[in-house]
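Structures for review follow.
There are two complexes below, and they share chain A, which is joined by chain B in the first and by chain C in the second.
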Partner chain A sequence: MKFIAAKKIPDLLGLLARDARVWAPLVPEDSADTLLFLPWEPGAEVDLERFTQVSPKKLVMPGSEPLFSFSYSMAVDCERLEIGDARGVPGAGGASDADGAGEAPGAATVLFGARACDARSLTVLDALFGLEPGEAYNDPLYRARRAALTVVTLACTSCDAACFCSSWAEGPASTEGSDLILYPVEGGYLARGVSDRGEALLVLDIWEESEQPLPELAETDRVPFGTLNTKLLEIFSDMDFWERATERCVSCGYCTYACPTCYCFNIFDEMRGSRDGERCRSWDACMFYLYTLETSGHNPRPTIAHRYRNRIGHKFSYYPENQGTTLCTGCGRCIRGCPVGLDIRDVLRGAGER
Partner chain B sequence: MSTIPREGIKASEPLRPEPATVLDVITETPNIKSLRLAFDDESLMQSFSFLQGQVGQLSVPGAGEATFAIASPPSQREYFQFSVMKTGVVTTAIHELRAGDRVAVRAPMGNTFPTDDWKGRNIVVIGGGIGMAPLRSLFMYLEDHRDDYGGLQLIYGARTPKDVCYLDDCRQWEAGSDIDFVTSVDT
Partner chain C sequence: MADLVTTIKQTLKDVELVLGWVRDPATGVAAPARFHTEEEAEAAVFDSTCVHNLAVHLPRLKGRRLGIVAKGCDARSVVELIIEHEAEREDLKVIGVGCGSILDVKKIWRRFGYGVEIDDRGDSLELGGERGPREDFLARKCHGCLEADPDIYDLFVGESAGGPAGEISGGREEPHPLSAMLEDLAPAERRAFWREQFSRCIRCYACREVCPMCFCRDICIMQTQVPHWAGGEVNARESEMIQHIRVSHLAGRCTGCGECERACPVGIPLMLLMDEQNRAIEDMFGYRAGDSLRARPPMQTFSIEKDLWGDEE
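Let's turn to the complex of A and B:
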């Protein structure tokens, strides 16, 4: 099996970076406790031990991105409307490198050091955004970014208390969404190609041969899903349950932004002066009061309990019903990062026992 | 969903609207206007088709985009109509529009009514206020295919007499001999 010594990882990244922008787990300059997927530059030290606080979904769905630009005026005698391409408009919609929109859709990108949960989350999103132009729903920007993305996954030989990907059949051994998987072993990593694109990376002149066996992968906590999807419908009106479950929640939305599968967005126009502007799309969060506030003033999800119920129902009941897969891969980010220690697993177990 | 026609939206660019021009603005009530629109691209306008009950996204660039039911019937090929209540930022901008102004539209989107399953039956359509918009498209479709259905009844109400939309249509429905039109107001 192909093998690479740990000390040669920077060389591998350098080879990958010849043809693509490489995003890897890096410590931002101003925050030593933080680990994020950021653009790798030669000399930057990747952290392949800790988990990133925020998922890599920004590489297929940037935090903010322009959809198109326009020039428009309603003023009498100079009325005009031109709709153009927003690509190449620097900073349109507040888009920045840090939230993944620095690259034009379709630019070759490598996601290095994703975990199995992150790689699988891409296939969960594919079900919604569509990969083929002929599908009922397809998002050209998502599709372009997805098609240009190579995923090099780091297999998990250890996990933490928040991980729960073993709740799904393959758990940490899942290859879904990965092109190449690196398995940590003594002195380095074994490499296994999953897709043609991943196999192609194995011809790079950097790999050695190794007889080491594949390592034993982590075994995480498991949430028994069982018939949770129908159970959640049964307890839909059980507001006592939802209010107790969310007593601590402050509706900050961290869970939705850190999540690899939350995809809700808002579309809005951003003007530059009085005529020119961009139509932009930015992440939104169903945990926000404004998310469902209607123009009339009515809000069908007026309390945190209503909104959290929707978040859980969407992930574990409605999305599975519509797309055939849970909208969660057990990465545990929402648990690690919650400022009030709300654990989604407690809510799911509680729902199951209701 | 794959059976729903999407002629109008370019499959490759579903997020990008097409320029359209306001042909006519009808003041329905003190806070509702109907806009009759046509795509600027003539070949697109000719091929534009939708099903009764489908919706479109209407943009006033700078103000934003919002979803509205298409209120005209599929048989109306000269224009398509949105009826808009003035409530927020986008709808306020829409209410500023006059004939000749340009907007941007993504349509058609969404679902339709299962009118094929209703053939041979008596149909009662019940609507209220601005909620009549998609039902206007539906009812006019049923009238266009009058022979396919039994009795056609339309029950339409509004909060007050001044909130009744589509007064010209109401007069025609009232005068129609082969449809039963009932109207009411809450106060």
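Let's turn to the complex of A and C:
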């Protein structure tokens, strides 16, 4: 099997970076206790031990992206509106501010050091956004980014108390969404190609041969899903349950924005001055009051309990029903980072026992 | 915590529910909870992992008779909320707790892994079986603690600190660890520093949602589209702008509880901004938010006569 010594990982990243932008788990400057997927540059030290606080989903779904630009002008007898390409407006921020955005659609990108849960989340999103042209929800921007993305996954030989990917059949051994998988072993990593694109990486002149066996992978907590999807429909109107379950929630958007599978977005016009503007798509979160506020002033999800019920129902009942897969891969970010210690597993188990 | 449990049970005879903490069985640290019945109150705890400021729940529960377990710093928020009419003193039973400083649980978990066993013995700390210097893992706000005992309470549980938390506090003069670095930078470099920091922001608004004083939350200027004051894009420029709006809306109202910085998932040092502003407010107006129920917040006091920020009626 192919093997790479741990000290040669920077060389591997250097080779990958010749043809693509490489995103890897990095510690931001001045923030030693934060770990994020950031663009790798030579000299930057990747952290392949700890978990990142935010998922890599922005590589297929940037925090915000312009869809098109527009410009108003006054003609003799009318106001004229012209529609242009995205980023047609001089001085526009948006995706050209490389920070919030990922990469431009279609730009070759490597995601390095994703975990099995992160890689699998891409296939979960594909079930909605990656459909063929002509099918419902075909999203050309998503598809362009997805097609240009190579995923190098880091297999998990250890986990923490928030992980629950073993709730699904393959758990940490899942290869879905990965192109190449690195398995931590003594002194370095064994490498296994999963897709043609991953196999192609094994041709690079950096790998050694090794006889080491594949390591034993982690075994995480398991949430018994069973018939949870129908159970959640049954307890839809059980507001007692939802109110008690969300008493500590403060309705921020961290769980949804850190989540590798939450995909909700909002579309609005950003003006650059009084005549020019861009129509932008940005992340949105169902935990916000404004998410469902209607023009009339009515809000069908007025309380935190209503909103959290939707979050759970969407992930574990409606999405499986409509797209055939759970909208969760057990990465545990929403648990690790929740400012008030709300554990989604407690709610799921509570719902199951209701 | 027999004393705490008894006190909460006693309080429940008089109120609808009590805000406090329970132990999360998965991690062993405290998590916020609401006690509605005496039976539920059996699970109440208080220890150095009770990091949350429960006063954040008061505005949403306004009009109901409540009890709240409060550390000294949390009680400052309760005071400020009463001053701003977001909580009514007569509807509240404040259960003050003696606090000997709290831990930076997020920092511990990020260094040693989520859920690592935390064994705090008061003078030493064991993390997953390894001994760590306790002082390195204290919440930063404890280093600037002015008074660990709550200023207002109806009942008190535990030992009074009779001053700042532990022996560690530098009080008001205790600077944010990054402030010296920032002071040495030229304006353009400072700007670059903040751009870099805010480039990580994902606009989850956790800073706002955990802030007891950010009670506009559902219809906040950072997010509304009508009117569209702040741009909706996720990028450093917008994030920096909306945070400056938030900070200036908290002028003379921030009690320095540090929840925004604690909640920030991407490690933006928000208290660096708040500390600086709080210090300026104190220098200019001699006012520290949360000090006294009788105080008049300078930014919300208008007198057509003179004496704009004096003590006189």
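By our rule, the second predicted complex is superposed on the first by the 331 of 354 C-alpha atoms of A that agree within 3 Å, B and C clash if a C-alpha of one lies under 4 Å from a C-alpha of the other, contacts with A are read in each partner's own complex, and residues count from 1 in each chain.
Everything below uses one rule, namely that contacts are C-beta pairs under 8 Å (C-beta built on N, C-alpha and C of every residue); 3 or more make two chains touch, one makes a residue touch a chain.
On a predicted model such as this, the values are computed, not experimentally measured, just so you know.
Student: Between chain B (first) and chain C (second), which does A:P140 come into contact with in this model arrangement: first, second, both, or neither?
Tutor: A:P140 contacts chain B only, not chain C.
Student: Could you say whether A:L81 touches chain B, chain C, both of them, or neither, answering first, second, both or neither?
Tutor: Touch partner of A:L81: chain B, not chain C.
Student: Does chain C touch more residues of chain A than chain B does, or is it the other way round?
Tutor: C
Student: Looking at the overlay, does A:F268 come into contact with chain B only (first), chain C only (second), both, or neither?
Tutor: It touches chain B and chain C both.
Student: Which partner chains sit in contact with A:S31 here, chain B, chain C, both or neither? Use first/second/both/neither.
Tutor: second
Student: So in the superposed three-chain picture, is A:L67 touching just chain B, just chain C, both, or none of them (first/second/both/neither)?
Tutor: first
Student: Which holds for A:R279: it touches chain B only (first), chain C only (second), both, or neither?
Tutor: The first partner, chain B, only.
Student: After the superposition on A, what does A:A6 contact: first (chain B), second (chain C), both or neither?
Tutor: So A:A6 meets neither chain B nor chain C here.
Student: Have a look at where A:S251 lands relative to chain B and chain C in the superposition and call it first, second, both or neither.
Tutor: After superposing on A, A:S251 lies in contact with chain C but is clear of chain B.
Student: Jot down the residues of chain A that show up as touching in both complexes, chain B in one and chain C in the other.
Tutor: In chain A, residues 268 are touched by chain B and also by chain C.
Student: Could you list, by residue number, the parts of chain A that touch chain B in their complex?
Tutor: Contacts found on chain A: 67-68, 70, 72, 74, 79-81, 83, 133-134, 136-141, 267-269, 271, 277, 279, 281, 295-296.
Student: Help me check something: in the complex, which residues belonging to chain C touch chain A?
Tutor: Residue positions touching the partner: 24, 26-27, 29-34, 52, 56-57, 106-107, 109-111, 113-115, 178, 193, 196-197, 199-206, 208-210, 217-219, 223-225, 228, 231-239, 259, 262-263, 265-269.
Student: Which of the residues in chain B end up touching chain A in this complex?
Tutor: 1-2, 11-19, 59-65, 87-88, 91, 96-97, 100-104
Student: Any idea which chain A residues touch chain C in the complex?
Tutor: Residues of chain A touching chain C: 28-31, 33-36, 50-51, 53-54, 62-64, 93-94, 97, 99-101, 160-162, 247-248, 250-254, 256-258, 266, 268, 270, 280, 282-283, 285, 288-290, 332, 335-337, 339-343, 345.
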